[in-house]
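Heads up: the structure comes next, in structure tokens.
Per-chain residue numbering starts at 1, and chain names A, B, C, D, E, F and G are given in the order in which the chains are listed.
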């Protein structure tokens, strides 16, 4: 129970998308549908959990000045591993997410959590934190993807409920910004009670 | 509340001589504009020292909090010298070499070399530059 | 020479000069007058009388309180009742000398005859001395002591005296009546000032909507035959009478920011000032009376007047004599509708610069609800100073003093064109006036600091 | 004296007889000839599009300001009517009405109110609505089948604007003369072809409206002049170089949304520069971008995109250009 | 395959080595680092960035506090002692508690007390109004009622009471930042010690006119009669320019002045019980009698 | 001609921020003030181009021959991080005053998606301009692409900074203040930029 | 938790070590996934070929041919025909198709390998049944491989003429490649 909050915080209080506003690029680029958002979220979560664990393990031994490069190296390693795994086992997803898989390296959420959390906490807590933030990120991306998919394609998770097209702008670039902007308003209004 | 043409930073005076007042300022990383910076300290903020001419009638003491001002045009000039010109040099050398039939490796190396050369040049001119950038303490 | 006008901005309000046909009447004397010690720009005057003193018309009762200040004379004969603060028309307490009127006994040194004296004294110092001793101040609105204006600082030369007969504000007709009824005196006054300024050119500028005045002044100029005085017809456009605009219109010169007309070789004086100068120099008559217009929109003709009044008469007395306040009046303004001051205290007294009592109806004057700026640019188009009032308004709200200064808030002449033209009914000038004040404060503080620093260096 | 409470305020004490509402009313009056022509030619369908557009804009603005923003409603200033009117005049008459509604939602609830409502939006609401629809519903937005009108119009057959037909042909590799020959058109008949958005329909009606605005001093002519001038100049140059694939100035000015955009949309106070020179640059930019899109882009014409793009530059133009101040150089 | 792995290792090792070298240089060059405590301090700050402390914002405050030798010049009025304790504990200082303050409105010229005599129609701004004239009532000192102070308060602690036309302070929300004090052109708002359980005694008037004039302008005006000053045993009240003022550092909340004020210009705030004027007056009279008897 | 098309495409049609979604975080962060945004654009331009050239060479002459392209991500990010740091040291070394001026004017440049994104795109994606057959960019084209892309970044950033300075003075409803309204603004900008589609 | 001091030795050691370990991890991952990756790529190709050509037991033979200055990769499946990879410029970028041309010169089927068309518009070339089915069994000898707007026989995807045109062009190019292969007979490797 006591450690639960490490997981739940990531959803509302520390929501990486709506509260921390980090990792905007994948958030905007890959949410053309709920599934894509979900996949991106999970991919990020994979790297997040593993890097959080490893970094919380090695942090005590790393000299201050090479902290960041060491973390980047560790993260980049997991990203590369992820790339290889996805190429091998989920090639379709790898193709749709494209450039944004390698860019997980520079996703501020991953480095940010490494720096701001894993750095100072034990392995267990860091893993939980990774799960929480990862889930929060995944949930946000899925929601954004879902909204864009419903409005833009008239379908949800690939299930089409209207014939014909949706409002195409929502699956294009402007829709990404607009949906995120309006969801942020809703989030601030209804979820983020100070 | 400063007007748009100036860049202002808060700093603290660390030393005063009859000619030069040295002020220490905290330079922010790009993420400092980001409101989540509390969670992430990627670009370590670094403390930088800035030297400004001491003005007779200012009555400041070591340790005072002051605003250091740089005219935005000066800042633009600095960006120009430090980044834009070397960029142009690099691109020019690179495309030039390629046009002249050089190999990509050669062109790339020359371009990077050109930047190095450019920086050496700046280094030779450092005395001149020193007097170019006038900071001021906001009153 | 065709009609001229200033080069930018300006508006065209309906001129509403309903009182133009009302000849100047002399206002009777009240039982008591209250003479304010703050009747001019600059330092307040210092009273020279004490309660119980008896005074004659034209007797000095206060002396200048500084370099930029003026003498004040008793407008009536009688006994000084008291010297005490009294509320001015804004309700703020100001020192007044209260005089109980007894008869109408004039200082014998004053020439009260109606004869026109056209010979101008030769001695410049004598002329200036008389202008100063008679407490003449500008009657075009700013009440700046005239003798100061007529003594250019060393190194500055006036090459053109402009007599301002534009009276561009709607409703006002006092300058118009003066030009029609006393054209020769006005011209002689101009010639006197021309002489003081070492015989520079003199241009009398009059707006095109006053053809009778143009004709009268032209005839007087021709008849009196002073050299180098001409009448210039001006296009009807507010604020043609603003001195910066007038100089632009007549001379095509622009006074720099923070500069004075004399910097471009011009001196601007109002026609009524010119008349006062005539009376002071030729008749030794101090500035104890002036002309005011009582007018307003939607009021009967019988309430419209042009009065010759003694300075110090309470406004309430003027209004009573003029037939009482009409029921339609929702706002009472001292001065014109563009630059005049709303009267909150009807018991306030008239001063040297009082030019009108204006009754405005609710419909004409009530401000409409403010809405958001629609960025139509009408305010900027209207601003005769080329400012951008919408921007100044925004900067004022953001309290960005530096940007306000850069965008020249301090240059605002408070003409009101911006507020007049704004379709969103934004109180632009209300805010810009505040902004101007703040910026002027900064500029003054900076100048003072620089001066102190320079002096510290010297030592 | 008496106890009447007189009004006191700083000067000036009188005000010109204009208000935001009166300005907007003038724009509506100026647009009505074009709207009337459109209704005559396209009939009930057009009338419905106009009604739905205006009513939704007004109702949305009212509802959102009152219920969501909790501010006094601003529908009284009529700006939402102008937005609705302009949006409708930019749409084909055959468009489904629910799409019109979506356009109104975007115009009012995305482009206008989130920025704080009238006067504060940085993008032209009607154009944002239209571009959004253009991108989202390309098929419906380019279906220019004329709906039956109240007055008979000869040759009311075309299903596309001359521009999009021509664009298609040119993209397909043919030349203008070939296109004219194969479609049995002459250049001048193209100009008067009625398969067009309502607003494009009658240059005359638009011009009358614009002259009204000029006379009423609601707008100044610099922006439209610089747009049309730039377009004419570019077309002359390209057309002279290669008349086979580049259309000429008259065609470019008379077709598409050029006139409606230049007269009524690029001149929107809120989303255009305040200063004359800023306005000229704004206009030149619009002309340039529109011609670039016409000649090289995917869309048959680009007035809306050009205006929206130049809207992005307005704050910068306002910053760089100031009017000349008295006594300062 | 193995070759690939070997190259992988080699390349990365070389890269790592080079990077380490570079970073070492960086470390040497950019020696000083920002004190991490700045972030910590900033985190406990209220984050209003109101400038009430005299610094450019919370971070500037934190930055300065971290470098300061003691906490003398650092006080966050918004966070108050609670926050200052936290800051001090981060930095290892001690702070002396400052009495909590609150904004007090010193005008009671409500619509009922102070008749409106003209109709102000300019910009709804006290500053503009004050610059124009003496106001729409006969009192040229009192509240102008346009709410500049309300606009200045970032904390929503001020609101205009539609009944009285006067601002009211929500003591709960007020952080004593002083923004309203600066905003008011009539200097009506003042910061005062909150008093025990929020109780305080205030002269709610700033009119410096002579008694009759003041009285004519406002039924609740202080007429400068001096009764309160004579009554107060603690020397907390002074009368100057026809106006009484209670020094809150001396006031002992006995409420005697309140009882004797003929115009009701003195107000007790947050007292648990209604003031029983007669009882207090009696008490004063008794005391006076005793004093007279004694000496 | 191909260079020209690359430039038009990268600045307008496929704008890195508005169409490709790279470097959004600093875009949202640094665009509050126009002068800083301008300066930042210059710096980003330099860093992106330099990084692209170096990583291109690294890829072409080391990773590809050795069959190690799967190391792109990890090696590129390390090289880019090192480059940025090195430029800072060099600047400080050669002209402290210049460096001071920069430091006070600009936030430190941080590596972000944009730099890595362009570097990776250049070495992994096929391009085709003006009907030419699809191909990988050569070094010259890659450089032009990098410069143009970062110019596109600068353009969007400067326009956006202008808009944001304007928005600062607007009476934006509370719930929309800050990022939401900024995002909506970018959204409409992206909508406007769609007008360029199909030009190249 | 005290971090090690930032001395040169520590830093170099630490970073090099980390790099070494990471390299090892990546290397191992690479080694482990190499086969599945190749297999996945292979599977995709095989699946695509299977989709565009009639069923056949023969193993596809990879080849490459140059037509009109462009290199085309193709797979020859004995008895079934050729699966040709053909790339053109669509609306948003490159549109890469695999086109199966049966031995008799008719198009058997097509499939999209990669594209960057606009979702909802051009991207429908992967899903729009009406559009895709037009190519199945298309006989270039009888009909013209172009959209109707260009005088051909194909219905374009709604509001996506450009994509449709690119698609048609890619197929048409593939048919040309097929004829070249038939004529030239052999690979020109």
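Miscellaneous remarks
Definition applied: a contact is a pair of C-beta atoms (placed from the backbone, for glycine too) under 8 Å apart; a residue touches a chain by one contact, two chains touch by 3 or more.
Because the structure is a prediction, the values reported are computed rather than measured.
Put simply, the chain farthest from subunit C by mean CA position is G. By count of C-beta pairs in contact, D-G exceeds the other of the chain pairs C-F and D-G. Subunit C and subunit E have CA centres that are 45 Å apart. If each chain is reduced to the centroid of its CA atoms, subunit E and subunit F end up 48 Å from each other.
Separating the CA-averaged centres of subunit A and subunit F is a span of 22 Å.
Chain geometry summary: the mean Cα position of subunit D and that of subunit F are 34 Å apart.
Multi-chain contact residues of subunit E, defined as those touching 2 or more other chains: 4, 8, 11-12, 15-16, 19-20, 23-24, 26-27, 30, 117-118, 121-123, 128, 132-133, 136.
Counting partner chains per residue, subunit C shows two or more touched chains at residues 331, 342, 344, 365-367, 372, 427, 430, 433.
Among the residues of subunit G, those in touch with two or more other chains are 6, 11, 14-15, 18-19, 22, 26, 30, 91, 121, 162. By the touch rule above, subunit A contacts subunit F in their complex via residues 21-26, 28-29, 68-69, 72-73, 76-77, 79-80, 83-84, 99, 102-103, 105-108, 169, 172-178, 180-182, 184-185, 188-189. Residue ranges on subunit F touching subunit G, taken from their complex, read 70-71, 74, 126-128, 131, 133-134, 197-198. Subunit D meets subunit F in the complex at residues 68-69, 71, 110-111, 113-117, 120, 122-123, 128, 131-132, 135, 289, 292-293, 296-299, 302, 304-306, 308-309, 311-316, 318-319. By the touch criterion given at the top, residues 34, 158-160, 162-163, 165-167, 170-173, 176, 180-181, 184-185, 187-189, 191-199 of subunit F touch subunit D in their complex.
Looking at the complex, you find that subunit E touches subunit F at residues 4, 7-8, 11-12, 15-16, 18-19, 22-23, 25-26, 29-30.
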